[in-house]
Each structure stands twice: as C-alpha cells, then as structure tokens.
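Once you've had a glance at the structure underneath, I'll fire off some questions.
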Amino acid sequence: MNETQRILLETANRLLGDLCTRPVGDAAEQGAWPADLWRRLEETGFTNAARSTARGGESGDIGDMYLLVKAAGAHAAPVPLAETLLAEQMLAAAGLQAADGPATIGPVLRADRMTLARRGGRLSLSGVARRVPWARHARTLVLLAEDRGTTVTVRVEQVPVEAQGWNQAREPRDTVRFDGTEISADAIGNGFDFDELYRRGALCRTAAMAGALEKVLALTLRYAGERVQFGRPIGKFQAVQQQIAVLATHVAASNAAANAAIAAHAGGDGAFQIAAAKTRVGQAAGVAAGIAHQVHGAIGFTHEHELHRSTRRLWAWRDEFGSEVEWASWVGQTVAKIGGEVLWPFLTGRSAGAAADVPGAER
Amino acid sequence: MSETTDMITDAATRLFSEQCTPRVLAEAEQGVFPSTLWSGVEDNGIASMLAAEAHGGIAASPGVALAVMRVAGRHAVPLPLAETMVGRWLLSKAGIGAATGPLALVVLRRPDGWKVEGTGTARVLRGTEPAVAWGKASGGVLVVVRDGAGIGVATVDSQRLKVDSRTNIAGEPRDGLTADGVSVRFSPVSAVSLEAVMHMVSLCRAGLICGALQRTLELSVGYACDRVQFGRPLAKFQAIQQQLAELAGAVASATAIANATANVVEGEHGDLMIAAMRARLAGAIDTGTAVSHQVHGAMGFTREYALHYYTRRLWAWRDEYDSAAEWRERLGRAFAGAPADELWSRLARIGVASGTQ
Amino acid sequence: MDTNAAFEFPAARFPASIENLRVEVRQFLSGERRSGALSRPDSVSMVVSLDFTRKLAAHGWIGMTWSREYGGHEKTALERYAVTEELLAVCAPVRAHWVADRQTAGVLLRFGTKAQKRKYLPKIAAGEWFFTPGLSEPDAGSDLASLRTRATRVDGGWRLSGTKTWNSNSHVAQFTLVLCRTEPAGEDRHQGLTRLIVDLASPGITIRPIINLAGEHDFNELTFEDVFVPDENLVGEAGKGWNQATTELAYERSGPERWMSSFRLLAELTEALGKNASAAACQQLGGVLAQLLTLRQMSMSVAAALEAGRTPNLEAAIVKDLGTCFEQELVRVARELINSEGIDIWDTARRLADVLESAQLWSICYTIRGGSKEIMRGVIARGLGLR
Amino acid sequence: MNLNNFTAVAHDDERLAPLRAEVRRFLAEERAAGAFTRATGWDHWDPEFSRKVGAKGWIGMTWPRRYGGQARSSLERFVVTEELLAAGAPVRAHWMADRQLGPLLLSVGTEQQKDTYLPRIARGEIFFCYGLSEPDSGSDLASIRTAGTKVDGGWAIIGRKVWVGYAHRAHMMNLFARTSPRSDEDRHGGVTQFIVDLKTPGITVRPIVNLAGEHDFNEIVFDDAFVPDDLVIGTVGNGWKQVTGELAHERSGPERWLNTFSLLVHLVDRVAQHPNERDLEKIGRLVSQLWTLRQMSFSIATLLEQGGTPNLEAALIKDLGTLYDQEVPAVARQIVSEEVRAGLSEEDYLGELLDRALYYSPSYTIRGGTKEIIRGVIAKGLGLR
C-alpha cells in the first residue's frame, strides 16, 4: 500500500464507519435504499473510483478500486459499490458513456444468457438474468448479450425487475427480464466477454470477503476480551485462544491471497491468481465464520449483535461469481494442463497463469 | 455379554496380553511368523470360532467375533485372524472342515486379478492378485468366487504360487500372488453371497480397528497424564483435553456403529449397515490417528514407542477389503434420489435390531 | 485406565411393537402434511403451533413416559424416543411444548411436590401449559453458576429480581422454571441456588423479544422486577437447585434433536442429487449418511440406558458433541455438493436453497446451546480422567 | 496487531530472476546426472551434494565474504532455498548450520569461532546437528536439565538429548545446556549454548528409529564430556535469549510448506492423465493454498530483509503451512486408491512419495513448535495472552 492508498483507506474507513450504522443496515435489509450513504460515497468520489481521468474521474487506479471494495466489505456497506465500479469498467471497455448513480451488472450466473436480435435497423434485447445484485435500486444496468455470435456490452437505463430476491445477507438479488426491449445503437459496444466479467466479479467478492474477515476477527477479539465466564475473560481460556489463532491464520491467508490477486490484476493479468484467491478466501470464509460464532456463543446468534452482518455476507459472497468448488476446478484444470514438473516454475513465474511465460525449457 | 463371549474374550485377552510383546510385533514386521502365538490362537478356539461345531468351531455370533477381534486389535496381533476366521466360517458353510493353520482370503470380484477357469470340482486358477493379506505366510489361500447364482470356494496351497513379497504401511504382508494355471478343488457354498463374505470380513476387521482405536486413546490419555510440560501434566492443558475429547468421541462412535452392525449384519439391510460402518470407521481413524500423534509429540514418531503399531495398522486397514470411498459410495448410491419425504422412513429401518436387551 | 464402560455404546434392541408406533406416528404426520399443518417446508427451525401440540397431546405423545396419575401414558423411554425421531424427521412444529415435555417435567417428576406434579404435569401432557427454560442470563452462559438473578425470602414466598435470556417460546409459555440465587455464593458457587416455578402472568415481568440470526423470533429476554413467587412454587429444597439444573441439562443432551435438527436439509439434498448422482457425490452423501446412522445408534443406545434406569451423562455429552458437529458438517457438505454437482438452486431446487440457508444459520448455534462444544469436551475430558 | 502485512509479491526482480534461473539449471543438471530424484526429499543427508551446493556459494550466502559467505540478500537466500526444496534436493546435511548456527555465530560468536567454522560450513565440509530437546523437555524448552558445570578451562557436560536429527552423521552439535539453576524470575535464563565436537570422549549416540522405519533421530548421552571455554557461543546463561530472535526465519520459511511438493507434482500428473472434475477440484484447492502460502512466505522474507521481526506472521505461516503439508497426503490418498497404486509403474514415485508423506505428516505439526504452541504464540500476538 502506498501513501495515497493509506489516506484513501483511512478516509473510507472513517466515512463508512460513521455511515454504516445498525439502523442503516437494518433498514436496507428491509428493502430501504440508503440514500444518504450513497450520496456521501458519491460526494467523496468513491463511486467513481473506476473512472479514468479521460472519462471524468480522478485516477481510475485499479488498486484503489479494490481497496474501496474491501473497505466496503469490512463495513458491510449495504450499497452496490462493487457493482457500480464493475459497471464502469465494462462501460469503459466498450467505449460507452459512463453512468451516473448506482449501477449494476449482469448476467452473473453462468447459465443465464441475454441475446440481442436485429430486425431491420431495430435492436431488441431478450433474456432473463437471475440473482442480479441490487437491480431494483440500480439506475443503470450493464449487460453482456450475444449478438450474432459475439458478446456485446449493452447499457440499459430502465431496469426491468421481474422478481425481487435476496442473498443470505439480505442484499437484493433480483431477476430481470427483457422481452424484445428496444435498445438504441449508441448503447452497445464491444467490451468484456462473460469470463472477464465473472472473473472481475470474483475479485470484487474476494476483496470484500477479505475485508469482512478482518472485521470478523476484530469483533471476535473484542468479544473474547470483554466477555467474562468462570471469573476470566473467555480470551484467557486456552480452548478459545487456539480457535481464535486458527481464525487469525485464515484472515492472514485471505489478505495475502486477495492482495496478490489484486496486484496481479492491476499488473494486467491475474486470471490464475484471482481463481486461486477466490478459492482460498472461500475456504477461509466458512472456517472463520464458524469460529467467530463459536466464540461469540449465543449473543452472536442474535440479530442485535453485529457479527452476523459480516458472517452472513461471507456465506453469501463465497457463492457469488463462482464458489470455491468452481474456482478450484478451474485451478486444477489449469495446472493439470501444464503438468506437475512445470508447476513450480508456473507458481513462481512472472505471471502465473500465462503458460507462455513458464520456463519449461529448464526442466 | 453371554458366557461364551466372556470365556473366549477372556482367553483372548490373556493370550494376547501375554504373548503380543513388543518383540513379537517387531519381529513380525521383519517377516518372522509368530508361530507360538498362532498355536495359542488355535488352542483357544479363536481361529475357528465362526465355524460350526461339526467343524471344530462354536458357531459364534458376529457380535462375539467382533468382541474377540477388538481384543486382538487392542494388542495389534500380527496374524491373519480376520482372514482365517472368515475362511473357516466359509469352509464350514461349504460342509468341509479346515485344516489348522492360517488362511489368506481372496474374494474375486474384479475383472483383473485371478480367474477361476473350468466347471465342476476340478478347476484352474490363473492370473495375479496384487496385495493378498498374509499371502505367503498363510498355508493356504482361500479363493472365493461367484459361481452361477451362488458362490464357490477353493483352497490353494501358497507353495504353488509365485510370490512377490510386499508389505502394507503397517509392515503386514500384502503379497502379490501369481497363479500360473494351478489346478484347485472347487466346492460350492450355499446360502452365502460374495457380498456376505465381504461383510463378514469387514466386521472382523472392524473389531480390529475398534480395538486399535481404543488402544490409541488409552496410550494418549496415559501419555498426557504422565508427561509434564511447563510444570503441569499435558492432560491439564485445555488444548490437549479438547483434542482428547474429540478422540474419545471418534472411538466411541466407531465402537457404537460396529456393535450395532454386528447385530444386524446377517439381516435384510446388513449391506447398508456394513457400508455405514466402514465409512464411519474411516472417519474415526482419520481423527484417531491425527489426535493421538499430535498429543504424543515426537514420542509417537518413533518406532520405540508402541503407538505406531496401532496407527500404522489403522491407516492401512481403513482402505482394505474395499476402500472407505467405495463403501461410502455404495451407501450414498442406495439413497441418492430418494424423495425427500421418504428418506427418513427408508433410513430408519436400517440397523434396528428388535428384541429385548 | 478403564475407559471401556463409558465409551462402549452397546447396541440397543427395540421391541418390535415400536415399529407399529412409528407407523401410527407417520400416518398422523402425513395427514397433517396433506392438510398443510406442517408449515415451513423451506426451513429447519422448530416453530410453535398450538394446534399441532394439542393434536399430539390427544394422541398421547406428550408426557409419554410419565405415570397416568399425572396425565402421562406410561410408555417406555424407547417409545418416546421413536416418536421424537419421527417428529424431528418432518421438522414438526413442536416448539410450544418441547421444553416442558423434555426438560421441565423431568425435573418436576424427580424433585417436585405431589401438589406441583398434580397441578402442572397433566396440563403439560394435555398440550395446554408450556414452560420456557429460565436458566441462562446475559452474563451467565457456559458459566451458569455465576448467574445473578436472585430471590429473597418474604412472607409466604419469595421476591424475584433479575434477567433471564435465550428463553425460547416465552411468548406462548405460561410458566418458567427459574434458577436463581437465594443465598450468597460461598466457597462452593453451586450452593445457594434455588428453582422456582414462576407464573409469567405475575406482575413485574417484562418479556422482550430477541430476533435471531435467521430473522426469526424464537428467543426472549425475561426481566423480573420484584416478582412475588409463592412458597408452593419452590421446587425441591431451597439452595439445592444446582443438581436439578444439571439433571435437566443431561435430559436434553443425547436426544435425536442433536443430530436431526437439519434432517430436512439432508432429505432435500438427497432428492436433488437424483438417482444419477456422480460417484463422487454418492461418496460424500454416503459419508454423511454413515455419520447420521452412527449417531442414531449412539442415541438409541443412550435411550436404552435411560430406560434401564441409568443416567449416562458422559455418553450424552459425546453424542451432543459429535451430533452438533455433524450438523455443521452436513451444511458444509450440502453446499459443496450443490456446487460441484451443478444443482441450479436458484431455479429448480429453490426449496433446497432455502433449507440450506436456514440450516446454515441455525447450525452455528447447535454447538453453543445446551452446553457449548468446549464445555462438552470438558465433560468428556473429565470422564477420561484428565481433569 | 496487523494481519495485512502480506503485501503482494508479483514476481522476481532483475536481481532474483537470474539467480533463480541459475539454481534451476544446476538442479536440472544434478537430477539428470542422478544426484537425486523427486523421491529423495530435502530431508535427506547427502554430504557430496552439500559440497556442490557450497561450491556454488549457496550455503551461508548472506554471510560476509571474509567468513566464506557471498554477502547476498536474505531474499536471494530465500529464492535458493525454495528452489532446492521444491526440487526435493537433499540439503539436510548443511541445513542446520546454514539456517541456524551460522547466523547465530555471526551475531554473538567470537572472531575465532567465526574464522574456524563459517568458511567450512559454507563450503559444505562441516555439518551440525541441534541438541535441544530432552526426554522430559519437548515444547517446554526452558525446562532442559542437561547440565554444564564449570571446570578448569571449560565445561563438563552431563545429561541426555533426544530427537537429535542426524547426530550420527554430523560432525558437531550446537548444544543447549543449563549452566545455572532455573529460577522463577527468569525462566529463560541460565541456559548456555556450546559448540560440541561429537567425537569428544564421553558422548554416546544411540539411534532412534522413526515411525517411517528410518534412522534420522538419535539420543545423545553426555557423560562428563568436556567442552573448552572457547566453544561457548555468546554469553554464558544467555543461550535461550540468543535463539529466540531467529524464530521468524525458521517458522516462515519454505520448509514449512514444501515438504510434500514432490508428491503434489506427481499427483498433478496423475490427475492430468486421468482427469475428472472432482480430482481437478481437489488439486485446485491444494494449489490455491500452496500459492497463498508462498505469497505469505515470500512477503515475510521481504519484511525480514527490511529488518522487521514479523514473529506473529511467521507463526501464522507455520500453522497454515504444516496443516497444508498434512492435507496433501490426505487428499492424495483419496485420489490414489489401492487400485491406482497397484497399476503404477516402477518409475512412478507416486506411491513411495505418498507413503513417506503419510508417515511424516504427524511430525509436521510437532517439530519446530507444536501446533498448540504456535497457536499460543499467535494468541499472544493478538493480545489474548
């Protein structure tokens, strides 16, 4: 982290800490839009963090962007910050006009496909995208659609939410449906393919989970220091200490994996690192949430205590943009392709993931 | 426990605790067959206990066999006990008695491996079996093969086989045996399926496993109480206590499922209980070996201290007579796709023995 | 060292007649399912249904083992065990009478006065009166003896003040069986604790709902401000309430609820996997089933020991530890299988998704409530002679 | 407490890349020449190979040139170490002296000690073992009882050491002995470190065969063995404090997560030849963990290079790394069934590597600080103790 990033993180933590209060979180879970929180994020420019100077932003530094996503994860911010930043990445890649206000992206499930039909000069969009994050609150929806065998990026201003749903953290995950909706030609461009969107989505969730894991550890340490049983804070019991130590190892590993994936992505590739990081952090999420709840005891099982804001997000996010099962398979296929003997050079190479860089000649 | 069980388990306990000395165990790993110990096994009627009285046995119930095998497992008895017991049970079912001496057991179920060629009583054995427990050390290898609707058995003298001596991770003989057209005398066995043989040998092995697991617990608790670190016995450290509690739970669960399975192994859903038992035993072995070694520290990592006799056997046994994964798959396959509302009634009928206590 | 006895778990044998009882219960339950009385097919939470409770009572399935004198049905512990399994398998809405039937009645039968037994037990068995536990406090969870709720002697009874938490179903229960301090803690903190039956309609009681992680209202916090409790509501001897509480906890440790709470998840998962599930999926499913079948054998073995008049506390602690850890593992395996088998839970297997979510949320509290995992392992360690 | 010191390590810089390439070339040639195979393992004692590594300047490579070192950075050493370990090269002979004794002498040794030992260690000519554990002292190292009594011109040693790896092949021992009684105020005081020539009269070496049936441990009995004054390392009574400073190196190094790498290599090949979704996923999980561990380990090496003392981070890596090394054989077992094994060719080391990993796996979470001790260190770092 450089000095600018340190300041950025401090600002983000202060702002999010002030604004992501329990009432705001509760209201969001009941379906309210946290307008004040979003407005403040816009004012500080956080929602524009993915926008380059050429597109009216300030830096568009990829590292900054994921730092913010991680901070939002740590504070369980109930807003589509990651989705809005992803949407801008897609729009920029497709050369489409930037969006104002909260935005989201789709499709997010491998099975869902949107198609663009051309009849005469008219373009029309059809298809169903399920589990679209925050669709009901998004002013802009950036979609990938199939257009005569290629994938195009489509910018949609009216988001047709067919059904509202939720993830385990009660963040909106909605179904959007298009039945031949007319699309204007200047809302279409060539940008991401689905894998690229999916991978970047996975990186967003990885970063957010790393943030949430840090929060879970902090809460657990605080509780273990405060809660007294048998005349001592429970943190003094060896059985509790050993569990929290394990929790800490997973938090540390998640940070390392997320940091490395973000750095690799910022450096221009990172396909392998993102897959490995989503796998590793997904593994950590389950273990960490289990330990945190075990240490918190009954209080952690209440809605009143804030632990669940982070643990439920971990449970939800580990499944979004590919579970650790799915990404682990991808990693396995990748290394199986290169073979065992080249595994080490591959892992230590300039850009793990680019097989061309593997110095297999030195076998 | 009934009187017979008491008598035979007492005899086994006496025999094994006197004769299964560290020296005998160490020598067995060097390939020395413990003949004195074997005579004791014969003299006490252990090897024949499953056979009918007419064939020198006592037609012991599976529960009694389990109890005796637990004693054997607790002493890491370096003999083909499960194999011989099940072999003689089969020979007895075939209406033929068995000669004394240890038996190896090969249950033919796979396309590769040995083939029994021909029809009638005179048949020919051909092929290679890769890892036969005590293949060379046993006097005879009992081959069990599907035959028409039933099964048949044939005993082949191990002298007539080409032996590739090997051992498993516990240092027990697991020999590759090649039969180059060996003629054998074939006998049909009625009312026993090939699966039932696997079930019975699994149950006997389960006894060995439960006994060995119990011993890892005893050794670990004993060590934790004796070993002083930071001015206190290890046993007083909460981190150690919690791990030993987990070990105890694993041992208890293994014993519970084995006990229950012995009651129903010959019943309608015996196959599923055996599968559940084998799966659970493997889980208990994973926990049991990991925790006992962790508690023992470096001490457990030596050949001088006895723990390894048990943990290495446990590692080997969890995947012999079909791997734990195969047994898990069988159990899962029996239920996969069951309608949600029917699963309970289908599960609930498995493994419940009726009758009074 | 002799660890044999406690870890033996001899196989239980059930009288054949129990199968008939199971069939009877199943017939009743499928009727209820058809009529829609078994609500919430998408959740593993145990909910309150006064109507269902009354129907169970009419069948004689509450207070099954008590003597007829107190409204019971003089059935065996094994019969009660079988009925409990059947109810849990369908996640029946038994919350209302659960605590009274399982815990409170056991304490009253053993320590209560004749008058108390006559007054409360028939009403419990009839599915009319319910109890909420009255044990835990905000600052006394695993360390129950550190509780602060206190009762002082007054003319004709006691004045009770303090706060009790994690009280399930207090919003429908009429009573609680409070554990409180009546004498200052001396050398032995377990002395001076007393159990009182408290009528929740008494003046001075406030009930505050606690919303749980699953967003449901199951727990409540009860605050007592100078609540008068008449002498006749003292259970057993004043100052000797600790033993009663530990007995009560032992009753609740080894039952099938320790490994069947998420049975619905297993059932939905098994169905969703389908007959053509991959070999690897069958292996994982088989692993889970093997654990369940083993736990069931252990639980039945404990039930048989109870029937034979023994109190297998150590065995019960083992079952609770293994069972609750199993239920957490089940959730993990279910999630992995859904992902690796590519089951589309957002569409075709929607109910599985909901049950999974519910089981995920609930499973975390299984290793906490009724004695945490660490406390259970402490009990087992003591049984091994380590403490 | 900050668990985010694990900054990303993208790749080798221009200083490290050529070195790494050189090590790989060397290892490829050595393997081609039959010096070792994938099944050999870094825990194997091979003086000849150690001399070759010494000749390349890869023993004591961070030490000053005047003591036979190469004055290279600790990151360069990290690169060499991970390459050697990943290849399964037999480096055990020079391991202890290179990792522990050398740095210790550099920091507290006398000029004479440095002149005498460091160049010979760096050339791979003299090998050390470590005399720390005792029959009644495992995790609780301050409780050692082996005693050094002051005599004319030196010290008389009486006592017993156990779990001394390769004492039967090493020339010298770094011995920890109590030179003044243990006191409650200063539990870690009163222990002195010595250099002991194992040929000294009064020393008996008794083999201890390990679980795998191999002889690497020994029990050493000191029966009035004489050690001259000039072989005291550092300050008398300060032995324990002298050693604790190095723990971060020892706990975060690649030896904590590369024990099973050769097994993983063969496992990947096996799965590549017989691919199925589940096995690929299992491999993927392992590789993701390994990649994360290496990120952590490398970034801590960077911190160490900058002069930090990341003890908490190192403990985190040891705990995660050793658990990973235990998981590899556990997963391999699921993929390599008995049937698969029966069909393996003679040249395929998979079965042999699996057996070894399985045998050694209990030791990973015991040696170098048990899992419980390491988690205690972490808990302390988190402020719980």
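Chains here go by letter, A, B, C and D, matching the order in which they are written, and residues are numbered from 1 within each.
As a working rule, contacts are C-beta pairs under 8 Å (C-beta built on N, C-alpha and C of every residue); 3 or more make two chains touch, one makes a residue touch a chain.
Treat the numbers as computed from the prediction; the structure is a model and nothing was measured.
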{"item": "Taking each chain's C-alpha mean as its centre, the one farthest from subunit D", "value": "C"}
{"item": "Centroid distance [mean C-alpha coordinates] between subunit D and subunit B, Å", "value": "39"}
{"item": "Distance between chain centroids, defined by C-alpha means - subunit C, subunit D (Å)", "value": "51"}
{"item": "Where subunit A touches two or more other chains, by residue", "value": "237-240, 242, 325, 329"}
{"item": "Per-residue overlap in subunit C, given as positions that touch at least 2 other chains", "value": "340, 374, 377"}
{"item": "Multi-chain contact sites of subunit B, meaning residues that touch two or more partners", "value": "237-242, 325"}
{"item": "Topology of the chain contact graph, where touching chains are joined (line, ring, star, complete, other)", "value": "complete"}
{"item": "Residues of subunit B defined as touching subunit D within the complex", "value": "130-131, 169, 171, 227-231, 237, 239-240, 286, 289-290, 293-294, 297-298, 300-304, 308, 311-312, 315, 319-320, 323, 325"}
{"item": "Subunit C partner contacts - residues on subunit B that touch it in the complex", "value": "63, 214, 217-218, 221-222, 224-225, 235-236, 238, 240-242, 244-246, 248-249, 251-253, 255-257, 259-260, 262-263, 273, 275-280, 283, 325, 327-333, 335-341, 343-345, 347-348, 350-357"}
{"item": "Touching residues (chain side subunit C, partner subunit D) in the complex", "value": "278, 280, 340"}
{"item": "Touching residues on subunit D, where the partner in the complex is subunit B", "value": "133, 136-140, 143, 162-163, 208-211, 213, 217, 326, 330, 333-334, 337-338, 342, 355, 358-359, 362-363, 365-367, 370-372, 375"}
{"item": "Contacting residues of subunit A [partner subunit B, same complex]", "value": "237-239, 242"}
